[in-house]
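Note sheet for the following structure.
Labels A, B and C are assigned to the chains in the order they are written; within every chain, residues are numbered from 1.
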Amino acid sequence: MTDKDSTSPSGKTNPGNFFEDFRLGQAIRHATPRTVTVGDVALYQGLTGGRFALASAATFARGLGYADAPIDDLLVFHVVFGKTVPDISLNAVANLGYAEGRFGVPVFPGDTLSASSTVIGLKENSNRQTGVVYVRSVGTNQRGETVVDYVRWVMVRKRHPDAPVAEELVPATAPAVAVESLSLPPPLPTGGYDWGLAGSTAAWEDYRVGERIDHVDGMTIEEAEHMTATRLYQNTAKVHFNQHSEGQGRFGRRLIYGGHVISLTRALSFNGLANAQRVVAINGGRHVAPCFAGDTVYAWSRVEQMSPLPGRSDYGALRLRTFGVKNRTAADHPERAENGKDYDPSVILDFDYTVLVPRRP
Amino acid sequence: MTDKDSTSPSGKTNPGNFFEDFRLGQAIRHATPRTVTVGDVALYQGLTGGRFALASAATFARGLGYADAPIDDLLVFHVVFGKTVPDISLNAVANLGYAEGRFGVPVFPGDTLSASSTVIGLKENSNRQTGVVYVRSVGTNQRGETVVDYVRWVMVRKRHPDAPVAEELVPATAPAVAVESLSLPPPLPTGGYDWGLAGSTAAWEDYRVGERIDHVDGMTIEEAEHMTATRLYQNTAKVHFNQHSEGQGRFGRRLIYGGHVISLTRALSFNGLANAQRVVAINGGRHVAPCFAGDTVYAWSRVEQMSPLPGRSDYGALRLRTFGVKNRTAADHPERAENGKDYDPSVILDFDYTVLVPRRP
Amino acid sequence: MTDKDSTSPSGKTNPGNFFEDFRLGQAIRHATPRTVTVGDVALYQGLTGGRFALASAATFARGLGYADAPIDDLLVFHVVFGKTVPDISLNAVANLGYAEGRFGVPVFPGDTLSASSTVIGLKENSNRQTGVVYVRSVGTNQRGETVVDYVRWVMVRKRHPDAPVAEELVPATAPAVAVESLSLPPPLPTGGYDWGLAGSTAAWEDYRVGERIDHVDGMTIEEAEHMTATRLYQNTAKVHFNQHSEGQGRFGRRLIYGGHVISLTRALSFNGLANAQRVVAINGGRHVAPCFAGDTVYAWSRVEQMSPLPGRSDYGALRLRTFGVKNRTAADHPERAENGKDYDPSVILDFDYTVLVPRRP
């Protein structure tokens, strides 16, 4: 909302920042701390259907050296991401990418998450209608410990095309998070890992670089589901919730929060990656095409890299690229269009992340 | 259900009370105590999308002198209200109004809520088909402390038009809850209030009587959402759940529980009223028009009254009137139709309530 | 998925077992332990709308001698059932029946459930395309105590029609669980049972064998609701979730998990059976016809048997048969078609179970 829409003497409603409002180095402390609980865990379970044993069972988690079942890494990401929306992307045209995402200390039920961001890049587009804002966002718990930090860039509208723009910079981001910089889980107690309860005997050593895994199952999304998930994260981006306005917009309908698609592909990936208990890094990610209610999401993954962990033989890291596709199976691993350059029209998500998988004892 | 529908030797199913079943002064103890938990908090969050920091974060709540994040006031109201339905409004034609609603001690996860009502008014309608029942309902926690009490009146069908009717009385209700009678929050510790985390710097002093605030955002409602919310409150009113019967009824479809609309407008009101952390009174309320799945709800508020709290300088009270409107924005503050008397056809809710907002330190 | 669909060097995705993969006496330990919490309780409440006081309120539960409100028996059943799906029924054509279901120790928030099964019967169908697998499944808590065990039989596809089949056996199952073998609740403290809060004064003695109770209310099911419930149970059966594949299948749409229909009929049965606080046995059950989103479920029950509990006068057992019907009321207790043999076309569930009801003090 712009000020003229309100009869308030002062602008009490949040119009969001426009491109020309950002400054390089600007630090933004986001509103709405959020205590995450077993209630959030249950609702996330109901909306995504995950089956990774670590997030599912306190007993399994304790066998792995955790004090309790940690909150699903992507749920943590979505809650932190949600806090950044009112300040960073309320006037966004598109969420362009992620990089250098690193999960920190695990989050447990009862922890309270807050978020802050720093503007690390700005680049006006040549049409002067929009520009790209790069931020590094950090989520912390009630002790100030980092639970996740990541870079994202987003195309934001300008309020006025002629508004002068502050100093510009396109920041360099790493193509992937180095294994050396990962925050690692507690040491795996000998015999602590129950492969049978986890649902698969495939250890880290059983994967190979270049391997492609079809996750087989498909999940159809309903309006009530993606909206409930997105409200759970207190993500207020209007395009997800308002059929009255979106019906007159670009797509004629509500757009599903890309993070919900990420969560669904992660849940589907259990079928083939059941032992990938933790997501420890987000190397990159692209919401290739929009997803709408009624679409059915399938997923497949390619192993991009396999890294032992420095000084540890209990877990190994797999860098994965998981592709979300819609309204067709992923059995033939759709990725590129016939021209070899564009994405296949069915691809909606290209997500590059790193998981930990136990090594064979 | 009437007794003749059952082959039970005794009527074990609840036919609900009809107008002629009520007596002035009658005390009704309602069934189904309900322990509210962080699970309810999460689901309420997912269904309404609220962002008020007090209900969102235990850390923020402790900064304000609470032991923990209290359960959202309106969630408490809905749970208590739900208990009254099987006895008061199972045979209701319309929920006509509320008055003298006062929130008592805060409710925390783990508390168990119960409800009772007293019939304080009865007035048969001239057609002898229906009558208006006035009740004062009280919700209590497991220690017997009042968590909310309110008057509501509802039009209830008669079983038989000629049934004689007990003593009649139309009770007087106060136009608004006096500030002196409010149950107040713990004293705000110096420096306890973090305006940045709350999401707005607008203090009580920044509002003025007559100010109108467009809450900007809109929220489309799905069948699964309002039904899940209403079942969460154990509210059994049939019109919300049964498409088979409602498809043949007045509207041809399920009617959304008016309380869900209240909750949505409260959640939307964050944008403009972010520091209105507590609802302390419901002065009145009217469900002006029905709301259905697929409708998009917008809201705007007018400040009706500003009251300092007796003997306290930490918070001030704002009496608000929040209007829920559907399928159009509230930027021009729709209220009255062109005749100046009826409501504008877009208005679905006219809710008069009192919130507490911190004062500038 | 069959191995040929994957380019994995080893089959990491679960193709499920086909009929010829099972062996008599085979013991299967199922994956994905699950800690159930107040979050699950709230979501189950929101999705089914139950009102039984024992599961609703910790205070009421303590009055009955429980340490806390136990998790709803059917929620326990669904969680355990869900674990068995990837091993037993991923390639199922139909879930044929249940028998000898017995609930064990009560489950409380924070308990972790696991499941295992033993193959107790195998019978190939004459077409050699499918066969019936009989398993006894056991759910246990983190202390290894049984929380529920039951027999189910399911028609499973063969991978290859000519595959030879192991030793066959059709096991005998009891028509009903004997009252002597039930796991009983704690003794009811004198005066512990509050009939008013429970919502009905109908004691065990008030029912009679042959009595039929129409539960009056109807509940329409949305896609988002049954999918969320089924994901909550980590039940992965594809037919419930994938419109893309099911749209081309037998029904042209997603099939609702039969357990969701069981839960809805149980919730509806409060109206007439409000004091049936615990389900202690599942004697049998048949999903007579499929249920789809948009259908409205009604229910009625017949009392099949009344049994005092050996050595106890606080509760009595009622063996019930509850019929779920769709898109018509159950006021006339639909059961059989005109030929007296088939089910009435409206019947979707025939569920035979045993509940405990307090006796008149």
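Methods note: a contact is a pair of C-beta atoms (placed from the backbone, for glycine too) under 8 Å apart; a residue touches a chain by one contact, two chains touch by 3 or more.
Remember, it's a predicted structure, so these values are computed and weren't measured experimentally.
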Shared interface numbering between chain C and chain A [over half = same, under half = different]: different
Rounded to the nearest 5 degrees, the rotation mapping the CA atoms of chain B onto those of chain C is 120
Just give me the whole-number Å value for how far the CA centre of chain A lies from that of chain C. 36
If I count partner chains per residue in chain A, which residues reach a count of at least 2? 37-40, 42-43, 222-225, 228
With touch defined as at the start, can you tell me which chain A residues reach chain B in the complex? 1, 5-10, 12-14, 29, 31-35, 37-40, 42-43, 86, 109-110, 112, 114, 142, 222-225, 227-229, 231-232, 234, 236, 238, 241-245, 254
In the complex, go through chain A and note every residue touching chain C. 37-43, 45-49, 51, 53, 56-60, 69, 196-200, 202, 206, 208, 211-220, 222-225, 228, 271-274, 294, 296, 298, 327-328, 331, 333
